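Just below sit the structures, each encoded as structure tokens.
Two complexes come next, and they have one chain in common, subunit A, joined by subunit B in the first and subunit C in the second.
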Partner chain A sequence: MSRVTQRELFEGAVATAANFNATLTSWNNAAGAGDISADNVREEGLDTRIFDVGSVKRTFVSTDRFAAGSLSGTGFTTTSAVYVPVNIGGNARIGPFDVSATYARLVVHASFLVRTAVAGESIFVELAYSTDGVTFASLPITERVFDGTVGNTPYSQASLEQSCTISTRVFGLSATTYVMLRARSAGGGNISINCVSLFGELFRK
Partner chain B sequence: MPLVLTTVTNGTVIDATAVQGYIDQIEYYLNENIDNGDLDTAPWVDSVHVFKPEFFGAPYPRTALTSGMTQYYAKNDSLYTAAGFHYNLGRNGALAIPGLQATLKIPQDDVRVKVLASFAAYEWGGSEVADEGGALAPSYVVADFHLHQDGTQLAHTGRRLYQSGETPGTVEQSLLGGMVARKQICIADYLEFDKGVHDIGVRVRVYEPPAVMAGYVDWKHVFVVQRNFVVDYHLR
Partner chain C sequence: MSLRYRTEFNETGDVLDPQTWNVNQNELTSEFNGGLDRDNFLAPSVFEGQIANFAFTAIRYSAGVALFTPTTTLRTWQRITGSYITGDFPQDCVIICEWGGTWTWGGAYVGTFNSEECVAFRIVVDGVDIATSHYFGESTRRNSTSLVGAVPISAGTHAIWAEVFFARVRHRDLQFVDDDVTRTFDIDVNEMLVEERRR
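Presenting the complex of A and B:
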């Protein structure tokens, strides 16, 4: 509490030291070290400009990013029928993140270029998670399927190459959670993943 | 600094000078002498105490918050707002696409910036068949797109555009060949900036068309429509 209460003075009343001191002491008690608090700031009274750099608590506590590939290269290619890590100079993997706390939320984005000449639903790409960095399991509802369309005479190949961004959130996992981008070929043909950006922000209340 | 008013005892003379002295002390404290030592160190600042976010409209729509900033741009599918490009405009140079650019004023070092770009693009006016090449080897590439951070191309954000079909000459072609080979393109990345004014945006590089016939080129113009660009960053 940091409020000032002034002792009222009345005409004709005896002015005592106690009366004056009540007011002076009230000021001293309200304006001492550490006395200014929420009672002294009106709603919306604090403007953004008064906050010093680094004075506002960050809502995210850790981040990580994987970025690799270029249009001048092929990127990652595979014919694997089972999911394998997208690897361009290293596995497309981020972490570890501590998402064990009740209010911890890991927001993940994966943006990439995908290409194949295999007809039909031939490319499967998904995000996977791990609690040890070794064994990965699918993150629900992050799988994306891509077509390769060929031999469309006289219009030849089209719809071979597409870009995609997968976004999701992860919570309720361990203190060492990893996220990976991985892919597989459904038709046994060669598929390519290139120009990958995989990043995550861990938010905590 | 804390305010300390000297108390009195019975018999102390309180004249105009004494009263003015107290008033001066209070004025000085309230007007200019409150410092961080006067603030309660227990957490007491709540969201209700902080001035509400400020929303700004065109031409650079953005939301300024205490802890960060969000900038967002959107253009619809209309040809009237399409961004059009031709090889002769850039001559292998990367051209900034209107509506997919942002200028950031960053007040501190090591600021993480999340960039999301989503748009559609197509070539139109050329004379070839739609062909993206076989297997993993691209062909007939008309243009490429990259994010640029302060003018530097980010190689890992590359996206490609291929040419559209030929001008319709048959019934079949009227149904299919005349359709543009339109690509939906998205790029997301997470960048780091230091204190200062910075630029971030998507640029297009239109490739030089091969002249397969005298005075005739395979592709003409590149149009970029449905442009959405969101830049979000945390401060302080």
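Presenting the complex of A and C:
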């Protein structure tokens, strides 16, 4: 119980030790270590000043943008039929994020523009994660596929150009969790990934 | 309020008045019993471990891993299995809902110069749509869609899900035509992410 009950004194009455002691005991019970709780705080009485920086959620700021919590870039092309990192002057990799706490949730947004001039080609894009920043594993739920239009429609065209955003969450991983954007070309035709924005936000409370 | 003043002072030689004691104690007690606020705390003195889990933000998530095959002949919105979130929201908040997935048309292209079969998606909160896509034509056999919407909700039980709708759409003015959709359709992986911003 974090509330204090005060024993009042009255004029003309005998001021017994019990009266004083009861009040002091109540203070002791209410204000001891770990006793102060939400009952003691005024409704909406707290603001950002009292919270430690990063105690609620975190983004990462770094002089090395490719080691930070967010990045952007453009100009990636590949003909690889297996997943390769989207390289926009550096691999599109963010982290490390500390996702080790049971309540921590890393929300990742990856926006990009896919394009191919190869008729019928398919572009695969996905997010992958790593606990060491080196070896990455797929997050299969994040895989997005884009087919180039094949020439069987009245409005057939060879090229495909489309933007998309992958929104997902990651949790239960290590204190050094990295996320990377990867892409591949299904048929080995030339594809490009442009206008990339990759952003991670770690919600802690 | 963090600034408290003793309202009664005792001076040497005074006759002790119990009200002096009572009033001074009341000043402290009333502050402590629910009156503490930001002025009482050193900045920034509250650390992560002292904050209740999900006090400010909760992340809700639903993944549609299994293939979902809606009925393309239905002319109503159909709920996408796997992208469904329901539960109790303990307080008023804003929810940011994001849905994304990959989908595939089955069968051969049946479009004409006049029209073709199309699909659209939307995010629904308690039956009200908060984000809707345009119509994706069947000329792109396999494609991906992402949607995002935000809405304030009250405390209580709410449901959030994604839906899909099929129609044959005219190229000229994007109006529906009467013909039924005949091709099959699969929604592959899809995921619904809801950020519950409580504060």
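Keep this in mind: the second predicted complex is superposed on the first by the 118 of 205 C-alpha atoms of A that agree within 3 Å, B and C clash if a C-alpha of one lies under 4 Å from a C-alpha of the other, contacts with A are read in each partner's own complex, and residues count from 1 in each chain.
Here, a contact is a pair of C-beta atoms (placed from the backbone, for glycine too) under 8 Å apart; a residue touches a chain by one contact, two chains touch by 3 or more.
Quantities reported herein were computed from a predicted structural model and do not represent experimental measurements.
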Check your understanding: Touching A:Val84 in the superposition: subunit B (first), subunit C (second), both, neither?
Key -> neither
Practice item. Pick one for A:Val196: touches subunit B only (first), subunit C only (second), both, or neither. Key: first
Practice item. Tell me which partner A:Thr74 touches in the superposition: subunit B (first), subunit C (second), both or neither. Key: first
Exercise for review: In the overlay, answer first, second, both or neither for which of subunit B and subunit C A:Arg115 touches.
Suggested key: first
Practice item. Kindly classify A:Thr165 by the partners it touches after superposition: subunit B alone (first), subunit C alone (second), both, or neither? Key: both
Exercise for review: May I ask you to decide whether A:Arg105 touches subunit B, subunit C, both, or neither, giving the answer as first, second, both or neither?
Suggested key: second
Review point. For A:Asp47, is the partner it touches subunit B (first), subunit C (second), both, or none of the two (neither)?
Key: both
Practice item. Could you say whether A:Glu11 touches subunit B, subunit C, both of them, or neither, answering first, second, both or neither? Key: second
Review point. In this superposed model, does subunit C or subunit B come into contact with more residues of subunit A?
Key: B
Exercise for review: Tell me which partner A:Glu143 touches in the superposition: subunit B (first), subunit C (second), both or neither.
Suggested key: second
Study note, to complete from the structure: subunit B and subunit C footprints on subunit A meet at residues 15, 31, 36, 41-42, 45-47, 51-56, 150, 154-156, 160, 162, 164-165, 167
Practice item. Over in the complex, which subunit B residues touch subunit A? Could you list them? Key: 2-12, 14, 22, 26, 29, 34, 37-42, 44-46, 48-52, 64-67, 107-108, 112, 114, 116, 118, 129-136, 138, 144, 154-160, 162, 165, 176-177, 181, 183-190, 234-236
Check your understanding: What residues on subunit C touch subunit A, complex-wise?
Key -> 17-19, 21-22, 25-26, 28-29, 32-38, 41-48, 51-57, 59, 61, 63, 65, 98, 100-102, 109, 111-113, 116, 139-146, 148, 171, 188-189, 191, 193, 195
Check your understanding: Can you name the residues of subunit A that touch subunit B in the complex?
Key -> 2, 15-17, 20-21, 24-25, 27-28, 31-38, 41-48, 51-56, 58-60, 63, 65, 67-72, 74, 77, 109-111, 113, 115-117, 150, 154-165, 167, 190, 192, 194-197, 199, 201
Review point. Of all residues in subunit A, which touch subunit C in the complex?
Key: 3-4, 6, 8-11, 13, 15, 23, 30-31, 36, 39-42, 45-47, 49-57, 103, 105, 107, 122, 140-147, 149-150, 152-156, 160, 162, 164-169, 203-205
